[in-house]
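The two complexes that follow have subunit A in common; it is paired with subunit B in the first and with subunit C in the second.
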Partner chain A sequence: MDADSDVALDILITNVVCVFRTRCHLNLRKIALEGANVIYKRDVGKVLMKLRKPRITATIWSSGKVICTGATSEEEAKLGARRLARSLQKLGFQVIFTDFKVVNVLAVCNMPFEIRLPEFTKNNRPHASYEPELHPAVCYRIKTLRATLQIFSTGSITVTGPNIKAVASAVEQIYPFVFESRK
Partner chain B sequence: SLIGAGKTPTLGGGFHANLGKESRAQTLQNGKRQIHHLGNQLQLNQHCLDTAFNFFKMAVSKHLTRGRKMTHVIAACLYLVCRTEGTPHMLLDLSDLLQVNVYVLGKTFLLLARELCINAPAIDPCLYIPRFAHMLEFGDKNHEVSMTALRLLQRMKRDWMHTGRRPSGLCGAALLVAARMHDFRRTVKEVIRVVKVCESTLRKRLTEFEDTPTSQLTIDEFMRIDLEEECDPPSFTAGQKKLKIQQLEKALSKKLEDFEGEISSYQDEIEIELENSRPKAKGVFANFTKEDSIEDNTSSVLGEEEAEDEELEAAANHLNKDFYNELHEKDRVERNEDGECKNGNEALVRPPALESLLGPLPTAASLGITESIKECISTKDREPGENTGDGELDLSGIDDSEIDRYILNDTEAQIKAELWMKENADYLKEQKEKEARIAKEKELGIYKEHKPKKSAKKREPIQASTAGEAIEKMLEQKKISSKINYNVLRDLNSKGSNTPKKEDDSTDDSTNTKKLSRRKSIASRNIANPVNSVGKRLRPLISTLPAKKAATEEVTFPNAQAEAPGLEKSAAVLVESGPVTYNPDEEVEEEEIEEDDDHCMSALQLVGGNDYGCDMDDDDGY
Partner chain C sequence: LIFLLSLDVLPRVTCPNHPDSILVEDYRAGDMICSECGLVVGDRVIDVGSEWRTFSNDKATKDPSRVGDTQNPLLSDGDLSTMIGKGTGAASFDEFGNSKYQNRRTMSSSDRAMMNAFKEITNMADRINLPRNIVDRTNNLFKQVYEQKSLKGRSNDAIASACLYIACRQEGVPRTFKGNLIFTLCLEICAVSRISKKEIGRCFKLILKALETSVDLITTGDFMSRFCSNLGLPKQVQMAATHIARKAVELDLVPGRSPISVAAAAIYMASQASAEKRTQKEIGDIAGVADVTIRQSYRLIYPRAPDLFPADFKFDTPVDKLPQL
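Let's turn to the complex of A and B:
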């Protein structure tokens, strides 16, 4: 079957992870003491700050690197990151918002049919790997897109990739293969 | 033979290649040993072990053993062989033997399979049946029970129970049923012990199988007939069930809402009636209660919104005032006698019921307003200074006052600091103790800084003008074996040039003072006496030496030729001076070892070279 991209397959983005740098050294102790919603993990040397408005959790290192997770879209991720930088600014650090980059996007998609996993693995030998003793899903890697898909026998697929476009195209790519081995 | 059991030394290009191969050979030997050790515990045949060793060799050549525990890589190789051969060994068995987490082993195994481009065929639960059946001790009927279990498994496969499941769990369930069918009383516990799954997993598999139509057949029917229809996988049906339940819930809640709406409308009417019939509150109390209700109202209705903007709050208040006041004023008055706090509680209690009515209205309105308000704020915040250049923070859409809430004031900060200190008391104590220990050690002067292990020693790049110099310097640095005479090694390349040798020797003398004395004595003896005695003494020494000597001899062979020119030099230069006249007989043995004919100047020289190699063992020989 040809790739039917007109099929209304709703891809739900569940998580967007991004990083940015503040280009200045951050005093974690000060943030921990004066921030209202922070967890200070001294043994690993980082501070977790959770924002409510775009629901995100940010991990802040003293070097000025910040990782932001939990957003549901790329714009939201950027907004959250900027909010975070602003709050750090208010705490008194000379923050410069640089190197913003979306690093990882996690999405979930549901196929309307079930999938035969052993058959699927056989047909897609180098890319697919299936280890029922370890994990119930087939792990399919697309090197060109740098995306990984976890395909379950119920038809639900979890995709992770570097950006939303990659994720979408990964789903489109995998659809014909999965359709072949459908139940 | 002179060289003990082991690989025959190959004289490659230069020292460097040779010494590198030693380590590789050791690694492979070590790996082979471990593979055999593990494989015997798993009762794998020789062919499997050899294949596993091949895998290991491939892995080593691809540098996959770097950064990984050798045991993990060995286990992965063995499991790969098990998979390709189809032996009934589980990854769990290997992890049991090694006491390592299964998932860690699995990760290594997956990586190995991927890197070596080996496709491990998918594991079939049918493979495990004979093994588990044997362990469950069915005696004579072992074969029959196995066959029944196999049939059950095939049925399970067709019913979609086996995708994504651990094969051992399915086996366990099939065997249990098969045993019961043949009148064997095997409890769940016994099966679990053999199959290594959890009791709940087994139960679950059994119930799933129960759901299939096959379970309804009698034993005889099952052996004869095979039902045509196939079932959906259990997780799929579970998902469908969930969906159905969700839909039901939705329908129910809708109905509930309708009812609630009706009820609340009745309530309102009743209250209005009551209001009209009751006297109004007077003076201070009325105002007080009004204020209370407003505050409660905004906090409850707006809920999580956090009403960032004051304008927003005001707008919401304005909207809510009318509704709430109408409905709740009477309530406030009624319960006024009970006290303010109760009022507050009541206020909170009532809003939820009516939120469904009021909720949509004010919040929708407030949402509509937030966007426009945000725009206004963002335009205010957009100062030209902040947007210039890269890396400047663009504040559009960011609300400062909300962010201000994220910053605690002094008292809050203090409290938080105290709390954090209490929580992390243990960690802080540890740190203090560590610091105290380090300080003490420093005082005593025995402070050892435990730096994280660096995998590669960083050496300065060797700066040398000729290849010979480079080799000398490298050997000085490396100091591989105490049995190698480095000075002699150095002479390998510099046969023609005598002067550098001398210089090096003089420098080297200081380092090898111990050897010096010995060599002096030997050298003098050698010079004085003919070779024979020395050679004879040497030979037994050489033969008793272990295979390691092979390396030394390899190394020293090339030196032999270099020695020749140096031999005539002053006796003070011990290193080179060695007996020139040696019996050809003794050299025959040396020649056998040597493979590279170019280096074989003369056996005498070779044996002479060995003299230095045997230095340390001279005492042993006596």
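Let's turn to the complex of A and C:
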């Protein structure tokens, strides 16, 4: 989560997405009527519940699966998920907090230099894909880490990966390549 | 007796002495002859080309072909199927004058979707006057993608459009009498296809991944001749615009801007400096970029305008009088 030892790069985690199960069927109508801060999307069949304390938005399905987005760290995500489960419990459902898993972590990182994208793509042919007509960033995929990095010409990089460690090591991996094609 | 298909890419026989040499076909005798030693390797080769040449303005009451259409083994899975042809005698018509046995039976049903796609591809390519080699390349790409089945869920038209785009890019920038042939996703392919640019772009990326190929990056010069000729700009202005765009990219005045936007801004600057002025809206229409986008890119290159023009350019409007947006 923190900076590299050689280079002081700040990797800011902007979003952590996690899922958990309540192991019981949830009555969405009841949640919509009695819960606080909820939005009922009847056409899709889900309820959005927003928490204030850890700023979290949760998508609740009637099967009992819940997707939690908006947290800024893994611990916060767990805390928020637990708090959510507690509030569902207060509404009267027999909630059991199981199968908690962090699914996706989004982080932003800023390089102190600008990057030449065409040069970078040429040097990293199979992994990098750049289509200026579609998106102004280069999309670099690291298969081993299952991480995707979007590299912009201003030097800011958006990383998404399955967990925080993967994200950090992705940034470490990409740094030398990006450094080569700097301005 | 060895029967060979003359359209085979990989000949199934080779000369025993020279396995690498190309076999020359002798149509008169139906032989395949080794080009190195002259040994007749294939005997009684069956030519599966078309029997007669048919022209569209011929009175097509009689179809003289006795063996059907040309075989296309490279693309379809072999054209072997049974069809019911148009009737000739009186017995083939029932009471009302309709022909009995109306249906021409479905041909090669396993690849009907593929043949449909080929027809679509030919139609699209026709609308933008693409040469046959690009169409062939597109067909090959489509076949590969179709066989892989990794993009099976996507609309066939979307895959066909994306294949067409890839084929154009792969062909590089050949100079024909029609000018450059690198195509922009938004403008050309969208214009002839009903699929949205987003969907074509998605399929394009998926196909590149599925076939493990990549394409070269587009540059500003690729589109210059086409845009300029569409706008009716003289050669001088086109050369100036090309120079401006290239210089702008070299000096890195426009980081992160799509090459097409930069090209459009360069054309705007060049045309405004010459006698043939074009508005941003006109250029935006041709290039497929919004006029605000041209404005943005123009603002980036405007400060260095005197350096970007070629040395021998004749200014109708001097550099300091160029419009400032």
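Note that the second predicted complex is superposed on the first by the 178 of 183 C-alpha atoms of A that agree within 3 Å, B and C clash if a C-alpha of one lies under 4 Å from a C-alpha of the other, contacts with A are read in each partner's own complex, and residues count from 1 in each chain.
As a working rule, a contact is a pair of C-beta atoms (placed from the backbone, for glycine too) under 8 Å apart; a residue touches a chain by one contact, two chains touch by 3 or more.
From a predicted model like this one, the values you see are computed outputs, not experimental measurements.
Novice: On subunit A, do subunit B and subunit C fit together or clash when superposed?
Specialist: Result for subunit B and subunit C: clash.
Novice: After the superposition on A, what does A:183 contact: first (subunit B), second (subunit C), both or neither?
Specialist: A:183: touches subunit B and subunit C.
Novice: Between subunit B (first) and subunit C (second), which, if any, makes contact with A:90: first, second, both or neither?
Specialist: first
Novice: Once chain A of both complexes is superposed, is A:65 in touch with subunit B (first), subunit C (second), both, or neither?
Specialist: neither
Novice: Touch test for A:136: subunit B only (first), subunit C only (second), both, or neither?
Specialist: Both partners, subunit B and subunit C.
Novice: Looking at A:127 after the superposition, I want to know if it touches subunit B, subunit C, both of them or none. Which is it: first, second, both, neither?
Specialist: Neither partner.
Novice: Once the structures are superposed on A, label A:23 by its partner contacts, choosing first (subunit B), second (subunit C), both or neither.
Specialist: After superposing on A, A:23 lies in contact with subunit B but is clear of subunit C.
Novice: Let me test your reading of the model: by the given contact rule, A:154 touches which partner, first (subunit B), second (subunit C), both or neither?
Specialist: both
Novice: Let me check the overlay on chain A: which residues of subunit A are in contact with subunit B and also with subunit C?
Specialist: Shared contact residues on subunit A (touching subunit B in one complex, subunit C in the other): 114, 116-118, 121-122, 125-126, 129-134, 136, 152-154, 183.
Novice: For a test of understanding, state which residues of subunit B touch subunit A in their complex under the given definition.
Specialist: For this pair, the touching residues of subunit B are 90-92, 102-103, 106, 109-110, 113-114, 117, 119, 122-123, 160, 163-168, 232-233, 235-236, 239, 304, 306, 390-395, 397-398, 400, 402-408, 412-413, 416-417, 420, 424, 427.
Novice: Using the touch definition from the top, list the residues of subunit A that touch subunit B in their complex.
Specialist: On the subunit A side, the touching residues are 23, 32-37, 40, 42-43, 49, 51-53, 79, 82-83, 85-87, 89-91, 95-98, 114, 116-118, 121-122, 125-126, 129-134, 136-137, 152-155, 183.
Novice: With touch defined as at the start, can you tell me which subunit A residues reach subunit C in the complex?
Specialist: Result: residues 114, 116-118, 121-122, 125-126, 129-134, 136, 152-154, 183 of subunit A touch subunit C.
Novice: In the complex formed with subunit A, which residues of subunit C make contact?
Specialist: Against subunit A, the touching part of subunit C is residues 184-186, 201, 204-205, 208, 214, 217-218, 252, 255-260.
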